[in-house]
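Two complexes come next, and they have one chain in common, chain A, joined by chain B in the first and chain C in the second.
Take a look at the complex of A and B:
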């Protein structure tokens, strides 16, 4: 059932890409720096939060998800929610043991 | 020749004989026709299946008596590893979706092809490349991998066998699976014929759709995990190996996050196929269509959340143990819904015991045994006793072979006349079914008993008290293989000399039975307009068929 799609050309300037790239590099630096500190549980929490922010930056800007049809955003949301559930369930092991 | 004559000629030329721009084998291995790709998968998988069966036969022969029988322990380790890798990654995961999904998904929804035909061909090429890599790994210096198909750390990092080629093979096969999943999900969303609403779709399509999502969402996780093992082996980076500061339990989590949903990638399409076969041969409208459809989605969802029941003995937290035990029990509900609905469809039906129906009924029987014994392992206390015993081997063979394997055989016998326009010998098909059914149960049921008594899985040697059970099991493997040879020979003979099949030999009501056998390249002369649900047997139910 082809509903037809509207193709909008969204041109993003090089400046935006470079800013996002610098942002990703900065977050990588913060991740490495935080890994060297002893923050107990917060080490993992901070690393995961930074990784999530970086993933959102890549998906919205580099992968153009920000400008795509709603159906693509729904599909991406399903994938992210699934990943989130996997992480939460895995941490039922790591947070309560060892 | 007028345009009309050309059109009518092309409508009669089936996809097997249609002249394309290429000739000979190139017209097949470079074809983007979903039906040809389905048959390419069937041939490749048939070859891999034969090799996997041979390895399985050798395993059973080695275990016929304690001590060395026909091979050394190291060879035995490699043989059961290859048996697992081939059967899981090269036969049963692609199984129904790659062969029958490719061939019938577009036809069943009234489309001419899948959404991305070239991607479809690429996925077959990746499948072949992955399969060849797995085979090449056997012959490279170092010898075939001996880790089991699970590649558990730390052994898979430390063994000197060819683990990296085997891992890369599995990684490549994963990509093939992802591409197929993307194609199927998109096709179901975008290419349904006019009037083919979600709740007019055949249930096989619902199951392929649910499977497609699992393929897309879960496979990348095992892909990156296997690559990390490659990095660990090749570069000595400590990720999973405790000796390098890694965490082996994390590997098990990541491996099973994919590999348990993979079980549903294997079984869901078979469940969909059974939902096609039962109403046709019971002459009954399927009971509880929407429940079966939603149970496929529920199985895909819940089945993705139960992976750690493979790890109850590794020292997980108590919280994780009871949560995963609970989730494991929950996933049995949608599976049971399907079984109840199939049985309810049979009730008061005009049952015809044709070969596809026999395989479908055997599926219900054996899948039920596999399912119930799975519930036993979901119970934490009992799991401690049964874990890593041959009880597990019996359980998953009842689900994977007794379920999915028999589902594939049912599909072969059900759709054979549509795919090739010929009919096989039904009497021989029935005899081969009986041999396969008896052989299968004689092979695997004793392993439940041996496992319950304490026989570990994957062991080369065993105590004398297990010998009689192993002996019976090995006899079963011979009966099973005899049945398989007879079944394949019968189908090949049908392909060569079978009588001409009509376009609808079983009296089916779904779209594939409205077109000629074999189908044309375009499937439909004009795209059909769908006005009813897929299983309308009301005239039989009113007694009007006579």
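Take a look at the complex of A and C:
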């Protein structure tokens, strides 16, 4: 356990970043193309799934979560789950309260 | 050698702690925007038709260009950290500068987008907007609050990037001490992450 002053940094190559960036651009293209089609409910679902995939790519590679200590990943998961619980509970409340 | 060790021991630095602190701050940001996303979800659920109608008035192309601009700025920001880790100071300054320039492009686009809407009377309290249905009024209210709060974050990011460029130039941020640049990067990627969700929710879902 020697964190502290030491910079035990994992150097990530430019190529990895460029690949992730190309992936993000492709997903942006796909999500715009899909939005042009009329798929009813699936339009929202696909848009949100693609946004989530893009978010995971940014968090794991650009924000280095993949290479950090496990503590960071646990923190991030707990924070996102907390938000999801807020969201789900709000909808339970909202759907039944009327 | 001994002397430099002694100096090192006196310089208290905790990069690990700094990064944890930054992540904790990002979680508060997540909850800040998360609350607005929940408001959006509930109103969208209630006023689906109004939201659908109003969202068609946003220019998907402008939204897409801004998405590409922000994604690219995240790329240059991430690469600037690799550059300083390799000791390539000038490349790192250039990449942070590119991030800053892209942030400016984003803001200029936003400016034109918003002024065009203002001209059509589509702003909170605007006469043309108030004549519309509740769903449309709520959609534009949330549009201005959410993209506006995001734009404030972009502006703050530009100030931070400017500081980082100065720190890189003076050597305050260097090959062995770059946690400030890393934390600025984390902030910038969060701004990008929020846009990744704002873009489909406001521009794409009709």
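The rule is simple: the second predicted complex is superposed on the first by the 76 of 98 C-alpha atoms of A that agree within 3 Å, B and C clash if a C-alpha of one lies under 4 Å from a C-alpha of the other, contacts with A are read in each partner's own complex, and residues count from 1 in each chain.
The criterion applied here is as follows: a residue touches a chain if its C-beta (ideal position, glycine included) is under 8 Å from a C-beta of that chain, and two chains touch if they have at least 3 such contacts.
Predicted model only: the values in this text are computed from it and were never measured.
Q: Between chain B (first) and chain C (second), which does A:28 come into contact with in this model arrangement: first, second, both, or neither?
A: Touch status of A:28: second partner only.
Q: For A:19, decide between first (touching chain B), second (touching chain C), both and neither.
A: A:19: touches no partner chain.
Q: When both complexes are superposed, which of chain B and chain C contacts more residues belonging to chain A?
A: C
Q: Applying the document's definition of touch, where does A:96 land relative to chain B and chain C: first, second, both, or neither?
A: In the superposed model, A:96 contacts chain B only, not chain C.
Q: If you stack the two complexes on chain A, which partner ends up touching A:86: first (chain B), second (chain C), both, or neither?
A: both
Q: Based on the superposed arrangement, let me know which partner A:49 touches: chain B (first), chain C (second), both, or neither?
A: A:49 contacts neither chain B nor chain C.
Q: Which partner does A:37 contact after superposing on A: first (chain B), second (chain C), both, neither?
A: In the superposition, A:37 touches no partner, neither chain B nor chain C.
Q: After overlaying the two complexes on chain A, where does the chain B footprint on chain A coincide with the chain C footprint?
A: After superposing on chain A, chain A residues 3, 71, 79, 82, 86, 90, 94 contact both chain B and chain C.
Q: Which chain B residues qualify as touching chain A in the complex?
A: 189-194, 196, 213, 216-217, 221, 249, 253, 257, 304-305, 308, 315-320, 323-324
Q: Under the stated contact criterion, what part of chain C meets chain A in this complex?
A: 8, 11, 13-17, 19-20, 23-24, 27, 30-31, 34-35, 37-38, 41-42, 45, 60, 64, 67-68, 71-72, 74-75, 77-79, 82, 85-86, 176-179, 182, 185-186, 189, 192-193, 196-197, 199-201, 204-206
Q: Please give the residue numbers of chain A that touch chain C in the complex, ascending.
A: Counting only chain A, the residues touching chain C are 3-7, 9, 11-14, 17-18, 20-21, 24-25, 28, 31-32, 35, 43-44, 47-48, 50-51, 54-55, 58-59, 61-64, 68-69, 71-72, 75-76, 79-80, 82-83, 86-87, 90-91, 94.
Q: In the complex of these two chains, what residues of chain A are touching chain B?
A: Those residues of chain A that touch chain B are 1-3, 71, 78-79, 82, 85-86, 89-90, 92-98.
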